[in-house]
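Several structures are given next for inspection.
In the two complexes that follow, subunit A is the common piece, with subunit B as its partner first and subunit C second.
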Partner chain A sequence: MMDMEKNNVLQIKELKAGYEIKSGFVGAVDDVSFSLKKGEFLGIAGESGCGKSTLAYAIMNLLRDNGCIQSGTVQLNDVNIASLSEVEMKKIRWVDLSMVFQSAMNALNPVLKIGEQLTDAIFAHQDLSRTKAQARAKEVLELVDISSERYDAYPHQLSGGMKQRVMIAMALILQPDLVIMDEPTTALDVVVQRTIIEKIQELQRQFDFSVIFITHDLSLLVEISDKLAIMYAGKIIEFGNAHDVFTDPLHPYTEGLMASFPALTGPIKRMGGIEGKPPDLLNPPEGCRFAPRCQKAMDICRREYPKEYVKNDGHKVSCQLYREKMGENHE
Partner chain B sequence: MLGDIFKLFFENKKAAIGFFILLFFVGIAILAPVLAPYDPKANKIETVEILDTDRGRRKTVEREKINDFEETRIYTQEETTTYKQYTKKFPLNSAPSQAHYFGTTHSGQDIFSQVIWGTRISLTVGIGTGLFTTFIALTLALVAGYFGGLVDDIISLFTNVFLVIPGLPLMIVIAAYITVKGVMPIVLILALTSWPWPTRLLRSQVVSLKNRDFVKVSRSLGERPLYIIFNEMLPNMISLVMASFFQMTMAAIIGEATLEFLGLGNVSIVSWGTILYWAQNNGALLSGAWWWFLPPGIAIALIGTSFAMMNFAIDEISNPKLRKR
Partner chain C sequence: MMVIKSLANYTEKKWVRIMNNPEKQTKEDVILQLKHVNKHFPIHTFRSYGAVVHAMDDVSFQLNRGEILAIVGESGSGKTTTANVISRLYIQTAGEVLFEKEPLPEKMTKKEEIAYRKKAQMIFQDPFSSLNPTHTIASILSRPFVIHKLAKGKRAIREGIKDLLIQVGLEPPDQFIDKFPHELSGGQRQRVNIARTFSVNPELVLADEPTSMLDVSIRMSIMNIMLDLKEQKGMTYVYITHDLAGARYMAQNIAVMYAGMIMEIGSATQVINETYHPYTKLLKSAAPAPEMGLKRKKLITKGDIPSLVNPPSGCRFHPRCPYAQDICSKEIPQMKKVDEGHYARCVL
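Let's look at the complex of A and B:
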């Protein structure tokens, strides 16, 4: 147990985060716990508005304005990020954990050369000479397959895929332990998406950093991640090895998701969907949040939220269906 | 980077034309004493030639002996000077000629000299006010836009209040109360009445930029607020800042002309505005004395053209997407 924890780069416990609005608190991330080992690739999937991005920003401690972390801990290496002040956080952010933002098109300053933007990231944290910083920036550009001659290019001179790769280079420039990727390939076509994903995997093998990859594209995640977390209405309802979750989905919601994209091989089946809409996070339903849409819902589902049950291989699920079949998770 | 910008600026035709027009006027302003053939306020030339100086007898008024070696004396002495004075009155209200390139006013002052000397004051007032107003507006806009919250509310409140006060009447009222006549009060009056509009314009741009993804990224990178403001946001709004500066300078030149035209400035100073004021006052338009109001009018229009040209160019230069490759 101790060894396992030592290996963990990130350990999140009972994290609650959300947004304060006039009519109350929107609990976009509710009681989320999971851990991530060094070099692991965790995929987080879920539909729009289920709290994926809020979770990412909470881990970065970047929730702004009306957003905040309500309770819980985010342990990065040995530090609880959630309790750090903005000044302390600034020292850690980008050095120990960095982020690839959703829209690379807008995440680069249109009037600055990409090289300058890369070196800015270095200068914000290190006292490096200009030539050394430039060399480092060129090095990371080469890492993501962009010729170092493009150091002087402006963002509009690059394609969408190249801009996204520049963002990845920027995330890696200070060699962090953890990189959070918030839908990095959403705006790109599938071919470019493929090359970027392959690049990320290659770099991850090379530098052994951990990745949290957030997307609504479940088929993509199943293919690339080691661990898979399924989020629904602010909660992680299923967590396990990607292969296990894919071949043996436990939660009815995961089953529904898996049934909603076609397999490349095998007989042609009619696609199933999930009826209904996700709940309003301002007033989440009592009991299991998926119960109103669940075809297997029982009376107890509408009364109390299920505990987390764990299979022998570490495959965890929060569903009353497994109340008797599996042991509780006491982590 | 600054070197790049200068190079790009002069490679740009529009910028070069605009810049040379401005340079032309700045040159005139600086060299006014050399270029102007006559005194702009005089309506005649007077030359005086001393022919003879005759000193009368010295008379001792007082004498005081201090000791054997020292003494003081006070004398009076009369002096008679004989001189020749040559006066040539300028023709009144005359059309342009060899002697007076832009003609003369109703009282015979040389308009060419007036326009040349007027360039000095008009440009000083214009550029001075432009710089001052843009500085106020940019500072307020950056503070209000970037920091937001209560600071923004207070600055925006004052901006909006000043925005609804009509500028010209306020200008007139303040001008009427200020007793110091000269260039500085005019600059201050113009700056005080023209800052709200660019402040509002720039503030909304700052707010928009602040919420762009790349600023959020810089913030998450851990860059300092001042660094973000000046290195990430300001380069994105250079063209707008320069547009404000040019517009404020133009407005100040015209505003100064307006104040002078209405007789609220100091009508005894010579500027493009006062030339127009006196032209209007003496019915130049009615009497068809086009040489009186046309030169200052054209000068104002040329300065405007110069600023507009440079503004186009700055737009192209500050936005890499518009740069010609």
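Let's look at the complex of A and C:
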């Protein structure tokens, strides 16, 4: 086992994962490393197809069919998840780490009452009596502001926001150390989205679990996360405290993302967004993957992938612009 | 109807031109007017025979030529129905829609309908399903040329299509013209949609959440293309969105809809900076606004969007409203003037 820093719940090192297809290997997650402390809220932002969902599935060891973890380690507490068999993984999954899926609206079984679906998760892992399991299920429902009387409701009787809250309750029912949320609020309206996010933050403060929150909505992440990772074409290109990344974005791609959502207050400025589209991950461009869309690209960018440079406050960036200004990251 | 008061904030000259087109605004040339328009959909099931969905109730507004009105609301608030009624995909159940001061008749002949469609065009939300997957871009974009007889001969049509593709930034056009929709990305498909809309040089464009299905990084470029085309051709937009900040970026005027009714309408500055209606306040506090700092007030709300089959009595927002009084549940508040050009449907 690798040595793990104290307080780290999750430590990912040089993780490569992707999908085997006829014409080659799609490296959806390429050489990703980061760690997460207990009780920390990490936001991962990126466009569709940048590998953020694959990363979530790799951490859960849920890649199936043609998907696989190619190399690297995913260490949760003391265990390297990437090397576990499915039987061993089943013991850990949901007990130590759980997930709220992207299409939570459809993730509930329509012919089972929500109470049964909640207790299912308990019975799969614990030897509890039916009454105790029921009591626990009702308790988590109350936690997410759904009256325990709705225990016997079917999913179609609940609104979209309530279904999403049931999914969150289900993820918390065994009190895991880490909850991965893959675009949990994307399909919801702004007001509902806001109430759910407030709920997640409140529960996180109460139970002190770590969260990995994946979304394409950077403006939302900046508000709610402690740490922020920006992903582009399978790589994490910038990582740091949410506040630092927002006030001082280093990578040109992050700058572009910041200029992609208009502000609600202040003067109206014409904004640019980012021209072009993300590269094909089957044949990613040589050198920096953002170079073809980057306004500041230099010759070197098209030749070699930049090393990771780190600012004093732990704010890391992979960009040639900082070759001379900052030290390399030797972690 | 509404004139922007202060332009001090708009730094770039281009913006000033877009936002304040003096010759057009002084004329008060009303292009579109809705008068107490209702749209109810009957439900024909065994259990609820005779029930109706109140998708749009008492919607009134007017729009001057060359202006942009943004309709903001959550899903199910009736904003898409409004666009569909204006574009005559639906016929309203009550009320009047006036286009260029002429009321639209309930029944139109095929000829009249084509003539109207040439003036009022729509951009649909989903770029993935609004282009026929079995047709090439050339074939899709040639339809308006044929239907509205804009050009004669294959060569002239093809040249016209190439011009359109250049206008929406799909360059070089030869690279795109013979492709199928599945070969294009979402942003490129939405550009084809915009090209199709603008091919007939419409007077009025109804854009139904044109950016909501797209990635964040390409949303701005679509919005900018729409603003540039509007400036070049001087047309009028109804821009439908659920994003208040996006509405402010695009439009001079904002109407906020909730459960089929307009709750507040006014200039963008009035609606966002001098918010009057509690629902608009709620929307505002729910919108992500990282520039406001990391500390924000907790949201005060309860309940969900009401059923439109049995809408709440009185004000439709009262079950969720933190300031609700007795009177709110009894009668539907009328539109009341708050300020010059700023109206709200609230008893407060």
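The rule we apply is simple: the second predicted complex is superposed on the first by the 327 of 331 C-alpha atoms of A that agree within 3 Å, B and C clash if a C-alpha of one lies under 4 Å from a C-alpha of the other, contacts with A are read in each partner's own complex, and residues count from 1 in each chain.
The definition used in the following text is that a contact is a pair of C-beta atoms (placed from the backbone, for glycine too) under 8 Å apart; a residue touches a chain by one contact, two chains touch by 3 or more.
Just so we're clear, the structure is a prediction, and the values are computed from it rather than from any experiment.
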Partners on subunit A (subunit B, subunit C) - clash or fit: fit
Partner chain(s) touched by A:Ile268 [first = subunit B, second = subunit C, both, neither]: second
Partner chain(s) touched by A:Val222 [first = subunit B, second = subunit C, both, neither]: second
First (subunit B), second (subunit C), both or neither touched by A:Glu20: neither
Residues of subunit A touched, compared between subunit B and subunit C (which is higher): C
Partner chain(s) touched by A:Leu108 [first = subunit B, second = subunit C, both, neither]: first
First (subunit B), second (subunit C), both or neither touched by A:Ser48: second
Partner chain(s) touched by A:Arg93 [first = subunit B, second = subunit C, both, neither]: first
First (subunit B), second (subunit C), both or neither touched by A:Glu142: neither
Overlay on shared chain A, then closest C-alpha pair between subunit B and subunit C (Å): 9
Complex contacts: residues of subunit A adjacent to subunit B: 60, 62, 90-91, 93-94, 99, 101-103, 106-112, 117, 120-121, 124-125, 154, 156-157, 170
Residue ranges of subunit B touching subunit A (in the complex, touch as defined): 212-214, 216-218, 220-224, 227, 231-232, 235-236, 318-321
Contact footprint of subunit C on subunit A as seen in their complex: 47-48, 159, 161, 189-195, 198, 216-220, 222-223, 243, 246, 256-257, 259-275, 277
Contact set on subunit C toward subunit A in their complex: 9-12, 14-15, 74-75, 185, 187, 215-221, 224, 242-246, 248-249, 272, 282-292, 294, 296, 298-299, 301, 304-305
